[in-house]
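Next up, some structures in structure tokens.
Each of the two complexes below includes chain A, the first together with chain B, the second together with chain C.
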Partner chain A sequence: MLTRGTLIYIAQRLALIAFTLVAVSFLVFITVHSLPGSAFESERVHGKALQLLLHEYGLDRPVLVQYWSFLTNAIRGNLGVSFQIRGLPITPLVMRELSVSAELGGTALLITIGLGTTFGVLAALRQNTWVDYTLTSIAVVGYSVPSFVLAGLGVLIFSYWLPTVTNGVISYPAIWTGSYGTLVELSLPAIILGFYTSGQVTRITRAAMLEVLQQDYIRTARAKGLKSRVVTVRHALRNALIPVISILGPLVISIITGSVIIETIFGIPGLGKEFVESITAADYNITVAVFTVYALLIGIANLIVDLLYTVVDPRIRY
Partner chain B sequence: MTDSILEVRNLSTHFFTDDGEVKAVRGVSFSVAPGETLGIVGESGCGKSVTAMSVLGLVQRPGKVVGGEIMFKGSDLLKLSKEELRNIRGRDIAMIFQDPLSSLNPVLRVGFQIDEAMYAHDKIPKDQVETRGVDLLKQVRVSDAARRIKDFPHQFSGGMRQRAMIAMGLSNKPDLLIADEPTTALDVTVQAQILELLRDLNEQTGAAIILITHNLGVVAGLCKRVLVMYAGEIVEQGTVEQIFERPQHPYTWSLLRSVPRIDANRGHRLLSIEGLPPDLIDLPQGCKFNPRCPFRVERCFTESPLLEQVAPEQRAACWVTMERAYAEMGAGSITDTSPGAASGIHPTGRARPAVEVPVAMAEPVSD
Partner chain C sequence: MRPAQEHRLNLGQDALKPSREDRALRVNKFTIGGIGLGMLGLLTAAACGSTSTPSTSSGTLASSQVLHFPVFQDPGTWDPGEMDAEVDTELMQNVFDNLWRFDDKLNIVPDIATAVPTQANGGISADGLTYTIHLNPAAKFSNQDAVTSKDVLYSWNRGADLHGAYSSILSAINGYSAVQKAAGSPPTSGTPTTFQGNIEKQLAANNPAFMMSGLTAPDAETVQVKLSTACGWCLTAWTLEGTVGAIVDEKAINAPGVDPVTWWQTPANLVGTGAYKLSAYVPKQSLQFTAVPNWWGTPKPTVKTINIDIKDPSTVPTTVDAFFQKGYDIIGYGGDSGQIPLANILAVKANSNEKADLLTQPKGRTTWVSFSIGYPTGGPFQGESAAAKGLRLAFDLAVDKNGLATTVCHDLTCTAATGGLITSGLIGNGGPNSDPLAKFDKAKAKSLLAQYDPTGSLTKNLTYSYNAGSPNDQVATYLQNEWQTNLGVHVNLNAVSDASIFISNRLSGKYQMDRDGWQFDYNHPQDWYDNLWGVYASSAGANTSGFDDPTYDTILKQADTEPLSTSLAQYNQLATILQNDVVYIPLYYSVGNFLIQPYVSGAGSNTAFDHYWNEIKILAH
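Now for the complex of A and B:
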């Protein structure tokens, strides 16, 4: 499986990801430092005191020098300190929040793949029946209703109209200390986060299955006398998954960007919520750090997707 | 023939499309004796493949077998349950297809695809499957079989893929192998190799073969008996010698006249069959070949001819038959193959007018 060519390919891609990280962090760094205002504005410090504060954080140096020191520190795993909560190291903060977001995003991705492919296959096998129409309709709702509408609706239904069903616990508690959410805390935001992407996967899987089921090799498989379940899963689904994998990269990005909204609405202490709060508070070090982590996640997700191709389709080799 | 392994009686398969009912196969009857090689010929869309797919129960919606019996080893395949039919498919009756690239699953190893045909049925003991897989690939003359069996289809050449398909078909030692255009997508040299392979396998394994093709040369090379199909019906059947030397149906005759021959006299004109096969939704009255037949007579427009004995073992469905066409219509020296050219019968049943284009067609009536 891991041939020399594949290893070289992975090395190249990792180098490309590293380059992307530098480029993304540079752009974001320059952009946020060009914005008017600072994290200390709300504290009403002026004159000498502000100068001292800026000097303490190295903010009185030229931007490029600041970026260079950020970069050299970041390579060693130090993403700097927060302005808002003075001196709080960002790396452990971001790592903890990443684990929360990864749990949410991972669950949403599992729902996306599990539900999306199941719905897609069922809709294709029962084409033009009520099963197909129902599942396709759910998928259309999934990829046409914005997640913040669904999230708002979810909050309304489960915490306002039906508080007894959930005892009012629809997501993470207000003051949350642990690093992972329980299934109860996780389920509603994860379903809403994965709803859009599930709809997309349903649509692609259905279309791909319908096309694959017309292929000659499906006829061959049936002519061999294979059971219809074997024909569907082993022969049809494996081929239908190839286009599904190709949209997995964009879908992972959807989940990451969607998590910013969902975490904010449900108050989940993850990377997305931190992202929004750091911008509001002009805590730029955190903004740059979160942005860079997002770029890393997307880069790695796309690499994994491209490697998945070789697992599903033997004609693709790197 | 009572000792036939497959006997198809009055088979009709229609496709229920939005445009209407496509009557792809209508009242087809034939039988296959054990170890026999039967060819089914006809141009594209004449129902050859649909006939074969009907036998295996592989006709997909909107297609449906609407009538007839398919007797195989004493039971009617059309009356079996899905599971019983599945167990016959690939086990007792195997089928190989036209395009060996698209007929193999691109994401599964060739060996796996051969082996799973055996695992799907209990005929071959499980512990012998893998060695038999390699043996089969050797038997169909794929060199370096033990290594190549681990390849994916895209690593095989076209001929090797068809060999792998044949290996798959033979894996469960079927009594009948249906080969649907097995050589169409291949080079001429590879075609010859595949035909030779099929011939040898027929002799070695004793499996009967139904060969479906539009290539008369392929039939001549492999088959002992031939069915000629046109527009969903059998129009002629006989031994390969009878069909090639004394065809009795004008369609068979025209087909043979349209094949280029290396031993033909110089100046021998290659004749084409004018017109197109009929619309299977809206079939012509009478004989289905009448709109294209140079020898048609008035009766052809009103009554459908049935298959009649014209010689021992040879049957043809024609009111004229070539014997009469030669004797009365000068079929031996014909150069004009347009409809009714030899018999002088115009589509309306009148003699051909001097002016070719009817006025009604040149100037459409505006109402």
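Now for the complex of A and C:
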């Protein structure tokens, strides 16, 4: 049940998100439109032809007029049109790509939390044993090795090395099928993206579990004769998850930014790949749109995490 | 990254250790194993997801006639009035037809027209100014609308109005300039889309200011084209597929609710007369074309469906892997024959199982170094003085062109440009070693440098500019090394990461010397000499070196009006003028590389474009 205070808090945060979106879009819009280069100019398109194209797309107007046009259209859900694919409406494109990224990011987040909390709990329960050392070492590898290195290695091993040594009998599909790929195609990028962030969750969970397991109420629970599994899962883990939830916001951001690289390497048609391509193609309307959507996602993710605090820790009230 | 301090603090704390008999731990042990096995299983499943099986070809057709290949660039536009990217024209040559088409040997053959007009068959008047073209009554659009002379007039007028990259193809037609003037001044008020919208509006209203006076339709199946001047190259240019010469359906573009800018993005609106039609388009992801039922032309398409994935160029190596996993039937179609990295080509050639799949085809692109002759940025290379020419020649002769092809291209992705500016295999190429600028003579180069720059002051701080990327980076390094080794001159390299900035600067003469090149559009010397240094190039701001010679312009003007049988000698004179003036340093001719599965019959390419899809058959494999 949402209290009045919570509703006011949500309203304030939404207003702040709206302000952030305007600020981010304005800064990005002005910046990208100040950059040299053009999506239209080529060996064939220059002079009068270029001038007319700029006119066609309203790019010969003052930049502030162009921004106002973008903002008023964006409020109505119209993020403008692409320059590279001339006249292509951006909103449906970005929505589709967002859903592709959500598939990858959601799977990676599940892997992050599943792997990270499991490893963290086990490492804490078996502190200073080979289990602990192994799992914390894996965590260190996870957050120390950049995801693009892991991705490159993954592609090299599964798409090139394995097919070569097995004469093509075993091979990871090198191409992504359709918008959402197959489960098989999704597996490698999602594991790599999730593995990178799971290291952080492992460390946080381990530290939180070690702290919780020393609390009096855990000792009391054990003294009452509760089974160790019940004590660990019902009493210790629930409280240990609070710090994990606190890093969910940064984790989501990390996965979003990580997806830019992973999607590009694996050729996944998501928002991250679009972000890179739009910059290299000087398709600035798309760049601004993707930036704005990212800002919106991050704002909402942080809001959800803040609201989740109240669920896992009743002491927190807004 | 979390702070190390926190890590140490937590490790230092005493924790409650569960006993060895702890069931929870045992469960968790299983969990570890489970997760590990799960991940291993997932990856193994992933690894086994695609099985590569060797294929054998036979003459019988496969039951599934579906062709699958990638392209490495999104479409820019498929509006023939504006198309300019190779990926677009390569695909759209299968959707749109012109009045004539190039066959696989680049001969002009009838397409929508019943014949190729000549003076002998009465298609061209004695003075060469009037073309009479009869349309094939069987020609139909994919929506079954008949093609009439009105469609030809609409398509060509629209092409002139839109000022697209290839609108100049129509420039010899009476009224072209007036139409460009009228359409090129769009209303200043209204929405940003008024330019194209206005053209459609004016054409629908039959506004004569937007229609070339030289284009008329005596009847539904006849088109008459009157030229302002005789034109020896026009027929070849009008035949160029996927550009302004292509015939579009006015009814489809101007149907209610159809946007005049984005009409081509919807499969139902992209109506052409070709053997294939667009059946699905997911922007930035995939395309699907299907054979037009009961298509009017020949040969009738055997392949029923063409599936195309739109991939990022960064994924080319993995896409090559996918080809050998039988994920693709062809790589290199859609104007991407230059995309396969040299490392992959070398690997394929070294593999006895794979090398048969590689098709190497010289493409019509020449790359050279341009000097800034007519711009102040040219420094010691500027102008027509003996010193400027001498220094240009010194820098030319100091470069071993054969060495470049071997070092940079391994003699696989390019060959030395020794037959002149026009690529080998095309009309106007002088033949091997015919270009004096292709020579490598370091002694003469050194002597010229000593003669015209004895103190070295003129050739200090020279800069060679190019757009970054492969093979331009390797070429630049090679040139720098050649000039250093053979002339003792250090030339700075200016790699420009943004190609559009590089092109813009090059066109406005901002570089001292730079990478330059041309990919031919149609097999006629006019395509090179007009578009690079002719009056058209200069007026359109496309004369990259600023070279300006009245004699050149006079000969070019005359050559353009004559049939090729008499004009070729004049075009060769232009080649000589450019060579005598040392306007360029010839470097290399591009060679395309394709990967084609052995069961794909009829696929291939010529110097200009991919073989048409309706020539392809998928054999049983």
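Structure notes:
Heads up, the rule we're going with is that the second predicted complex is superposed on the first by the 300 of 318 C-alpha atoms of A that agree within 3 Å, B and C clash if a C-alpha of one lies under 4 Å from a C-alpha of the other, contacts with A are read in each partner's own complex, and residues count from 1 in each chain.
Methods note: a contact is a pair of C-beta atoms (placed from the backbone, for glycine too) under 8 Å apart; a residue touches a chain by one contact, two chains touch by 3 or more.
Because the structure is predicted, anything quoted here is derived from the model rather than measured.
The superposed arrangement places chain B and chain C next to each other on chain A without a clash. Looking at the superposed arrangement, the partner reaching more residues of chain A, out of chain B and chain C, is C. Once the two complexes are laid over each other on the shared chain, residue contacts for A:41 go to chain C alone; chain B is not touched.
When both complexes are overlaid on chain A, the residue A:227 reaches chain B and chain C alike.
Rounded to the nearest 10, the angle at the Cα centre of chain A between chain B and chain C in the chain-A superposition is 160°. When the two structures are aligned on the shared chain, A:106 is found in touch with neither chain B nor chain C.
Legend: residue contacts after superposition of the two complexes on their common chain; A:210 is shown touching chain C, with no touch to chain B. Applying the stated contact rule after C-alpha superposition, one finds that A:86 touches chain C and leaves chain B untouched.
In the overlay built on the shared chain, the residue A:146 is in contact with neither chain B nor chain C. Within the superposed three-chain model, A:313 lies in touch with chain B and out of touch with chain C [touch as defined at top].
Superposition on chain A places chain B within reach of chain C only down to 6 Å, the least C-alpha distance between them.
Residues 227 of chain A are contacted both by chain B in one complex and by chain C in the other. Note for the complex: chain A touches chain B at residues 215-217, 219-227, 230, 234-235, 238-239, 242, 312-315. Those residues of chain A lying in contact with chain C across their complex are 36-49, 52, 55-58, 61, 81-82, 84-89, 93, 96-97, 114-115, 118, 121-122, 124-127, 131, 135, 143, 155, 158-160, 162-163, 167-175, 178-179, 182, 184-185, 187-188, 191, 200, 203-204, 206-207, 209-211, 213-214, 218, 227-229, 232-233, 264-265, 267, 269, 273-274, 277, 282.
Residues 1-2, 6-7, 9-10, 13-18, 22-25, 27-28, 31-32, 35, 39, 42-43, 45-53, 70, 74-77, 79, 82, 84-85, 163-167, 184, 186, 192-193, 195-196, 259, 261-262, 265, 282-286, 309, 311-312, 314-315, 318-319, 321-322, 324-325, 327-328, 498, 500-501, 503-504, 507, 518, 540-542 of chain C are the ones that touch chain A when the two sit in their complex. Taken in their complex, chain B has these residues touching chain A: 56, 58, 86-91, 94-95, 97-99, 102-109, 116-117, 120-121, 152, 154, 165, 168.
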